[in-house]
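Worksheet for the structure shown next.
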């Protein structure tokens, strides 16, 4: 029996990707599409990719207000919330109280500490829920996800940073100090709002870091999960970069190898960790490429050992909107509902 | 009951797209992947997008030889052939003789006239089959496709040129003479072989025409189908262009309006023609964009009338590898087998 | 003796390109950089490409007000105005009255008819000047440019449309009716202001027409100059397209050949017209490519004849910010001042 | 009095850039353009960016053979050699023996140790010259460059790696161990030969590392110069990446800060080191972007301190073909000849 779902914030990029993926999912039925600023508009006008599909394009985006969450309960069992932070928390709280399962794609429920949240985002509007949310990285939080009522879909940079490093830290193959994470993101990660720094002529042929030296909001999320893997507090240097492509993140991470660690041991630890889930561990001599996971729910990770320097180079490629956001949100819901991780999700990237 | 299919030429771009689409199709089962030069290689090495999917990535590409088509008959009911011209015809002939249904993605079975074929491609290796092939544009050849044994999937430029113009010619809304077709293609249309003119630094920031003034091989295919729609011989000016993106074709066609023709009449004619199938007719004031059909099996068409000049501007956007090749091949097979056109095919583009 | 120049509107793309080109010009000295919204900012902050060049980066953009034009007269002899339309006319008028030579890069002085201007842009703020401005396409208006006080630098689409067609119309090689102009522009042509349709993820992998069917403001400018070349009123179909690259315009134009016209005659007519100036006529079988004129003041044109259809395909590639705007403005000033066209201008494109 | 120069290897990207820059240089006169495989071809056919420039485009590329270097001595005083390694050394040796000053853009004369060269490139064909070559990074080897007969223009990755780090190591602001260098290169760095990994559809939307973990040939060159700066042997982890743009390298380097080191101290050290030359040190809060140095001879560097981790993030953007190759070669020649570093070189990037 299919599950009726809604999307709040359908006009942004993660919302658009949710529409694409839910429509292709055999066990999910899209019953509700809500928005804030674009409420009232035809979905086909907001997302022309839906034009011509009778059941989609002529729908109007419904105005979502937290106070009307109760009425939604009659229509849907699950809602994906993809709103800016704080707004998403308020929406999630109202939906949960109305008995609706929530998969939130904002940062609002990812951090377990209200104090840390406040430092990076300001006052949390629904602190009490922090302890109830499950971090929706199924490869690392599988058991907690079963029948979870509130799932916090991970950020894109954290997904690409945690996946390659967590198995090494859990297995004690690398030192937990001195970690350097250098990530290169496509521009869709900046969202759908036009801005000078994402204007085509200022992005094409441009390559730049931003929010360097510990100032990006995804940092605490990365450290939270890596500390959990390492079982001790971990501090990382994290540098996000904007690169001239649309979809994808490539993360290149550097960790000091413990004495005797080999690249094959790293691959083994990752294969073991990722026996279940949607993470591919590439073989010796292979490197991940965002090109190969475009549109796919899978992550590709790979490892190399720089013997001269005693450093493990851990790499990961994801589609930031898929495994880094919407596909992972559905994967987490799949696990929550008892389905296989990849049910209904594209796993072969659209190459080229 | 699912149909077992094979792909010959799985390592090229149309082959890769077939793999992606067949894997996602509920009624097709991928039983065979063959290649010529890359025979013997792991599919995961040739198409890393399949890495990590146990049932796919560790397969070896099988060496396809026409003489061994008979053995294939025990394994598959349908084969998609995606080889260079002439080689594809030989493969198709052998497969047909072995009782296998063939959907050919080369140019070999698209032209009804052996003389025209010979002029553009050289001697045809299987002339007798030309009369038996069905041109696999379901929106225009629906009836013939039912249970067809040999389907010629249309070229990418022809698909994007025929779809916007055929309804206007059929309905007598534009003059059949003086047609100008200006097409802009992404670089994947040039195939997977590296060449100087598709080397990244010589393509990025480049925009150029090629094979101008009646010298591109897709010209006779366009004229064949437009002549069929107009019910008289049609000559077109066709200019293909290479533009710096990967996937998609945008065609802008110019036709002299018959006295009294309106843009709305053009839209009506197209809506009527495309009641069935995977063509979206955009409303007044809208224009198609390759961005909105990326990865999708749908075409978007739109019309505008330049009243001062008395010219209809007919536009069409497709994904050259999807509606322009592999997805259309599967759509044609769907119709052939009695399924809805869009069964198992992505219809919402992966935006952005 | 060098000429002291100013730039009003230095923070936009044409302004930035003027800065680059004036700095490299041996006979021009940049004395003044003015702006409106960004007045007061460091040039190095607005145009980081100037950072580190002591004489440039620490200057502040001066607030330009038409009423203070008089003070400027003591500092500069020539001002390039690159403001939005209407504002540019007001600036130009004030500067002229202060005795300063003006090269205007807006649309304000390009049209000779105030009525036509009004139809497309609204009331003209300085109608009396229309008759005094010289259209700054040196290859076609050389004599008028000598010592001109007010030069209207042509638009980018018009430059790429007029250059390939004017010689054919002047020489009577093509019919003046039925002209189709299909132009593909890089995104910098849309200016520096961020907007949804130029947001990187909505432009990359996108290809689309806009302002189709006689609705783009450059249309009257194109028709004005082609009518002048043809010596009778010319109506054209003009379709601008946005393509995913930064700099350049490729125009593909279609004209019905007069009986007996050959491609070589077209090349000859163009070579004759462009003996002086910065237009390269490519030889038989060659096609222009925006890649080859990136950063260069030159235009490349080429011709092919489609004999079956009796149509000349006339092509032109320019850098929209260089030959299509700022370099051409300086070329016009060069001619105005008695210098060779190309003095101080880059003529070898930055390839790749 | 202008110096007559020749270019051997004019058909590649560094050769093309040399043509562009030499043509624009007031004190250099291009007398000779030589090539190997493309000898005999018109320069306009090989580099269409020169088409229409009478003095350039109709020249034929001359066949360069080391044994005919003597004849060249009558025509040129300086030759830029831009051939593959080993071939370049043989050419350089012959030219030097003929009394011609040589600026070599290959890797052949960059390493001071023949043993190290042999490990990475094979037997050196002119070992005796290694001790006579000057490493052509003017900001670090100014004194040696004066009147040098053999200049080894640095590699692109080394330039972008050495410039941000050398001042920190010289000043003792960072630890010389544990250095991580993560570089992102545009595709022109791979040269002009088409290859599968630089085919447009396999590069666009792709982001990937290559030659990871100490396997890239530029590694010893980086370590040689950083060791010189640190005055002790330095080992680095270096990861090159291919990103989907044409020109430019962005390097993000990570170094452990000495106790008390501040970002401002790093900037001060760099400003001091780069008082002369073409390196811009960006102010606090600024980051370099390849977009801002496109086509320019300048490098932009910037520094940030991650206080939590005690790590300096040192960043550098260059145009790989300009400051990373050809413009730097001319800069070195300028210094060699007693000119200012930037004479005749574009210092304002072509933005956007």
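Going in written order, the chains are labelled A, B, C and D, and every chain counts its residues from 1.
In the analysis below, a residue touches a chain if its C-beta (ideal position, glycine included) is under 8 Å from a C-beta of that chain, and two chains touch if they have at least 3 such contacts.
Since the model is a prediction, treat every value here as computed from it, not as a measurement.
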Checklist outcome for this item: Chain centres computed over CA atoms; the one at greatest distance from subunit B is chain D
Next on the checklist: Comparing the two chain pairs, does C-D have more C-beta contacts than B-D, or is it the other way round?
Outcome noted: C-D
Checklist entry - Once you find the CA centre of subunit B and the CA centre of subunit C, what distance in Å lies between them? => result 39
Checklist outcome for this item: When centres are defined as mean Cα positions, the distance from subunit B to subunit D in whole Å is 45
Checklist entry - Could you state the distance in Å from the CA-based centre of subunit C to that of subunit D? => result 35
Checklist outcome for this item: Among subunit B residues, those touching two or more other chains are 13, 186, 188, 201-205, 244-247, 289, 294, 352
Checklist outcome for this item: In their shared complex, subunit B is touched by residues of subunit A numbered 13, 16-17, 19-20, 23-24, 47-53, 56, 188, 205, 246-247, 278-282, 286, 289, 292-296, 298, 300, 346-352
Next on the checklist: Can you tell me which positions in subunit C touch subunit A when the two form their complex?
Outcome noted: 13, 186-188, 192-196, 198-205, 244-247
Checklist outcome for this item: Listed in rising order, the residues of subunit A that touch subunit D in the complex are 178, 180, 182, 184, 186, 201-210, 212-214, 235-237, 239, 241, 243-248, 250, 252, 254, 287-291, 294, 304-309, 311, 313, 315, 317, 352
